[in-house]
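What follows is a set of structures for review.
Shared between the two complexes below is chain A, which pairs with chain B and chain C, respectively.
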Partner chain A sequence: MTTEAAESVEAAGVAPAADPGFLQRYGASIEYILIPGAALVGALGVFGGFIALYGKNPLDLYFYMYYGAFGTWFSWQNTLTRAAPLILTALCTALPAQLGMVIIGGEGALLIGALAATSAALALQGAAPIVVQIAMVIAGMIGGGLWITLSGGLRQYRGVNETISSLLLVYIALAVLNHLVEGPMRDPASLNKPSTREIGAANMIGTIPGTDVHWGLVFGLVAAVAAYILIYHTTFGFAARVAGGNIRAAKIVGLSVGKLILTVCFLAGSSAGLAGMIEVAAVQGRTNANLAAGYGFTGILVAFLARQNPLAIIPVAILLGGISASGGLLQRRLGLPDASVLVLQGIIFVFVLASDALYGRIGFLKGKS
Partner chain B sequence: MADASLGLWTVPLAVFGGAIRVSTPFLFVSLGECITERSGRINLGLEGTLVMGAMSAYGISYLSGSPWLGVLAAGITGALFGALHAGICSLPRVNDIAVGIALMLLGTGLAFFLGKPLIEPTAARLPAIDFGWWSDVPQVRAALRINVLFLIGVAIAPLLYWAFKTTRWGLLIRTAGESADAARAMGHSVLLIRLRATMVGGFLAGIGGSFLSLFYPGSWNEGLSSGQGITAVALVIFARWDPMLCLWASLAFGGAAALGPALQSVGITSGYHLFNAAPYILTLAIMIITCSPKRTLTGAPAELSITR
Partner chain C sequence: MDFGRISRRHLLQGSAALALGSTLGVRGAAAAETTVGFIYVGSRDDYGYNQAHAQGAAALKKLPGIKVVEEEKVPETDAVEKTIESMINLDGATLLFPTSFGYYNPHVLKMAAKFPKLRFEHCGGLWTDKDPKNAGSYFGYIDEAQYISGIVAGYSTKSGKLGFVAAKPIPQVLRNINAFTLGARLANPKATTQVIFTGDWSMPVKEAEATNSLIDQGVDVLTCHVDGPKTMVENAARRGAMVCGYHVNQSPLAPKAYLTGAEWNWEALYPKFVKMIVAGEAIPNFYRGGLKEEIVKVSPYGEMVSAEARKAADDVKAKFMSGDYTIFKGPIADNKGKTVIASGTDRGQQDPELEKMDYLVEGVIGATA
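Up next is the complex of A and B:
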């Protein structure tokens, strides 16, 4: 913020006059809320226009979207249930972003995490549920973690672009999953939908008392807060941000960039792997192709909309969880295809990226220079 | 219908036929991306463009009865997506890789949305030329039924190679990709050059998509493209931004992608899904072998964000 901000603010007469330094101090933070918010409103407007061309009333659309996402206690629970994996897959993009890396393979880490967690549960059948659950968490996190570490390692040691390699690994993960659930791990009783055997009702992680929202939401919240503390309040996070800002400076001050990349990628992948474990242990109860529901891809959007900030990911994930929760209602009440949620997500993504051009350019937040 | 007398020869023959059939989308997307990347920008959104191209080609072919109008529509759709990508990237401080990811999601979403009513009906397909008339063996004839789009793609590769090397347009695109400042100093608008390069790239990628829905596999459904677009983008990198190498690499990829169905046709089904992942594994393997952490790739346009 420039020093002239205060005067121009008074001249414009927008800010609270009692505290002329207000915008000077918080202008940047206001931008981080105002600009993505405006992008969101713009995207909703365009989507409404698109729906109008399709012959539906945009006002109905907005109403049902609100109603299906946040209108009732039932829809809130649906929204929060979907937000849980989104928080975790968004972290898979947001953590490497601190190092300047663009990882878009959260979907792959989610699938591998789900497979690893299911394998752990099936191997430990008969053990106490708490033992099985802990083993599932560990297995899911290690599986997903190693999957993204692969992309990080290839970037660090072979110079392979991490964006492309992580996306290729999504397709490879999907092939591995399909191979295992239709072959070696298939439950012979699953006829129409090839699946693994069930992990057992006793081993499911259940719901938060008084709600239908499973404990995965708490996992997600804890992970997001932990990631925030790690990035902004530890030496490790500081080192990562230095390396992300200027890799040569980081090398000069003696940071081991390779180790940073591998560790951050492991944490990122383990977070998406945990999302896979949650989907198995709280929703599906087994691994099958249903797990490839696109949480990994929506997570990329969540991370970008939250500007890669782990705390901001929480409300953004709830918002996008709400949009996807309202998809069913849009299908039933307005007769829109199920892909309409994807279209809206795509439009939001485009608007959010285009709005990057606005930072530092909003007159009343910046002041004349 | 495996001919017993052919035995295991069925597999290489099917891989050969597959290399020609399956490689066409790879070829068009990689040639298109080659033009875009030579101008200094990367468009990861071609996966979405491919799917949009497939959907619009099928839709227009169904409505008009002419598959070639469908191909044209796919190209125009692709060019519009290219223009959208270039337009957003022209704004200051916008990352072209991120825009690509966004358009990948938007393109697939929009194609699924608009393509919902197209899953049932059957559209007119593209014709094929029968180069196997001399043979009595059905597998040979099947392998040599070649689509015109493939031949067009094969012709575009050397044409592009020549154009990059000798024409004014080729030089302009390469200048924009090597040094935006130099292009500006010569009085050209870098943004305009990149806009055109991205639109042409999108046009070709859209046509690649039309091949998917109008020839092979030859129908529209939501699982039509699974990563061919992104694989083709990776392919450009190890083809060293050389259109002729793009052609050979696409053929290799088509062969790899045909391996799963070919093995299935002789009764080897156990690793079906793993063989289907062959193109992705191959891409990753080649990228691991050819990339290096120490130097930028030879032939890489200096302005490209992915190699800097």
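Up next is the complex of A and C:
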């Protein structure tokens, strides 16, 4: 980094060309847009080739992808609805990543958050809807938060790898959910689809006026912006990034790394828990096995594609929401199997990860023309 | 149709995409044809639940003036609502078949209320008086076909030990296990059915383990109630055991081992529904039936089924066809010795008590919890 910085300063001094000041100032930001954009275009190109081998016209493919994801107002709403839970579950991976931790258990926190939120709503039946809703938010966030804190605690106090423990906790969460839904919390009327009792139509959080998109999108946007401010504009976030960069250096300067780990894990889990609460309060109206729909796992993909940047998570979640929204149209119009969407996601993932190698290596962005 | 509202909104927004879509004929032929949308929770070639529905959809494709659009692997979340809306808004579907049990509440109910002029036919038999009138929920008494399978299995087993790989101990599944066992004990009063619950609808690894462990215990005829019987059928056949199929005819997977099976007959029901709609007749919101009503059927017998077994099974089948046979005829005891249906009580096909079944009959080895 230092040599590069020196080089560009030198270049800026020598070359009177274009406007080196501009590139110097914004070169890195442009990279953050240009490189993932190019990776995306490359991935779409490869996917188009794959589709051509399948005997379909790639231009049709691109048109239907655009049409199904962003081509109409309905398509936009479809995309945003699918993006909403992904923003929150992606934060569950992106926040601990600032500390150098790889947490992949957002799905578990989502399920526990949903269970906690449902329990709160069922315990408060009869209270004013706003009270029930606030209680659900708090319960969901605490439930999910504590679940990921378990992983953080295991790492801090027992040296257990947090990636493995958070993944295994997903299966434990699913087992807990199935046990409660099929046993103690079961609504006796839910004969063939074991579920909890319903939280009640009055307690549902509804949709954003004028749209079909539920309020989960707004929760997601607020959480992503708050996470960005926390990480990049507060001393807490600075401390977290220092610890993530070099844990020994962080300890030497007197940072309480253990406290940082537990707090960040709690915040991460609470955002996935909030996603679970929203699935209950905006979509399902109760808890059952339908909640394990894989949002937590797609969130990992979103976080990595966004390079763990909370703000970048927003467009990436919308992109993946769009891919899944258009997936149905690809099935119906082009007769592609559902798995083709997974293939596309996989290709994008590989391209974006591979493009990591390009950062800081694109000559013209360093102010040297 | 609710189409105009959305188009107007597009025009107001001046969406160029709409114009592009129209010129390319995306909205396509809406006038002359009726578009029917099918939505599956798994893949449509799973040799199981989803394939049975896809076969019904294939039967519709042969009717003149009917266009079928299909989408597979749609989870039981708001994704199914968006798929329904997408089929309506982008494909012009006016009749929808969301085929998975868990789609109904709240997703199909919500969409039926939103599009009151369109028709929704859900599979699961869940409709009640409170639900929208344009929604229907049909289902079949497939335990009748399981009973026939049981008779054939009872005649074919040499060890007297039958095996049942089941998903969850819910009423529908228990009813199948009990009917299969009662049928088998008609043929061989000493026959027992060992049941293993895998915990979920699609757990191929656990299904294979259950199959192997049943065969290790001396079971020589197996059947199942999971979404995709393929795993059980192929593994059992490889181990030299005989099988009774479920959902669709699996004999192509194991021609030597396949005795018979309990199948859905959606390829008879769906064209019937469409013809009723074309003729202007109302489809009952709650539509159920068994062998007689051609909603379920029995697979053709495999070559190793003895003449004696064929005759016994055909006799009972004939009684079902004439509508005077009761499977759950007292006295029936559960496998803990408690009388669950008293002597002299007949619980016929449509008895609501059977919908709440929570026991395993005498002769079944296993527990519901």
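Quick note on the criterion: the second predicted complex is superposed on the first by the 345 of 369 C-alpha atoms of A that agree within 3 Å, B and C clash if a C-alpha of one lies under 4 Å from a C-alpha of the other, contacts with A are read in each partner's own complex, and residues count from 1 in each chain.
The criterion applied here is as follows: contacts are C-beta pairs under 8 Å (C-beta built on N, C-alpha and C of every residue); 3 or more make two chains touch, one makes a residue touch a chain.
Because the structure is predicted, anything quoted here is derived from the model rather than measured.
Novice: Overlaying the two complexes on chain A, which is it for chain B and chain C: clash or fit?
Specialist: By the criteria stated at the top, chain C and chain B clash after superposition.
Novice: Touch test for A:Tyr62: chain B only (first), chain C only (second), both, or neither?
Specialist: Neither partner.
Novice: Which partner does A:Trp215 contact after superposing on A: first (chain B), second (chain C), both, neither?
Specialist: Neither partner.
Novice: Could you tell me if A:Tyr26 is touching chain B, chain C, both of them or neither one (first, second, both, neither)?
Specialist: The answer is neither, since A:Tyr26 touches no partner chain.
Novice: First (chain B), second (chain C), both or neither: which does A:Ile172 touch?
Specialist: first
Novice: If we overlay the two complexes on their shared chain A, which of chain B and chain C does A:Thr72 touch? Say first, second, both or neither.
Specialist: second
Novice: Just to be sure I read the superposition right, which of the two partners does A:Arg332 touch: chain B = first, chain C = second, or both, or neither?
Specialist: second
Novice: Please indicate which partner A:Asn290 is in contact with in the superposed arrangement: first for chain B, second for chain C, both, or neither.
Specialist: After superposing on A, A:Asn290 lies in contact with chain C but is clear of chain B.
Novice: Considering only the touch criterion stated at the top, classify A:Tyr359 as touching first (chain B), second (chain C), both, or neither.
Specialist: In the superposed model, A:Tyr359 contacts chain B only, not chain C.
Novice: Which residues would you name on chain A as touching chain B in one complex and chain C in the other?
Specialist: 178, 182-183, 337-338
Novice: Under the definition above, what is the set of chain C residues touching chain A in their complex?
Specialist: Against chain A, the touching part of chain C is residues 6, 9-10, 13, 15, 17-18, 20-21, 24, 26, 43, 69-79, 82-83, 85-87, 89-91, 101-102, 105-106, 124, 168, 170-172, 199-200, 355-356, 369.
Novice: Write out the stretch or stretches of chain A touching chain B in their complex.
Specialist: 102, 104, 154, 156-161, 163-165, 167-172, 174-176, 178-179, 182-183, 297, 300-301, 304, 337-347, 349-350, 352-354, 356-357, 359
Novice: In the complex, go through chain A and note every residue touching chain C.
Specialist: So the residues of chain A touching chain C come out as 63, 66-68, 70-75, 78, 81-82, 178, 182-183, 191-194, 212, 214, 279, 283-285, 288-291, 293-294, 324-325, 328-329, 331-332, 337-338.
Novice: Would you pull the chain B residues touching chain A in the complex into a rising list?
Specialist: Counting only chain B, the residues touching chain A are 44, 48, 84, 88, 91-95, 97-99, 101-103, 105-110, 112-113, 116, 226-227, 230-231, 233-234, 237, 270-274, 276-277, 280-281, 283-284, 287-288, 291-294, 306.
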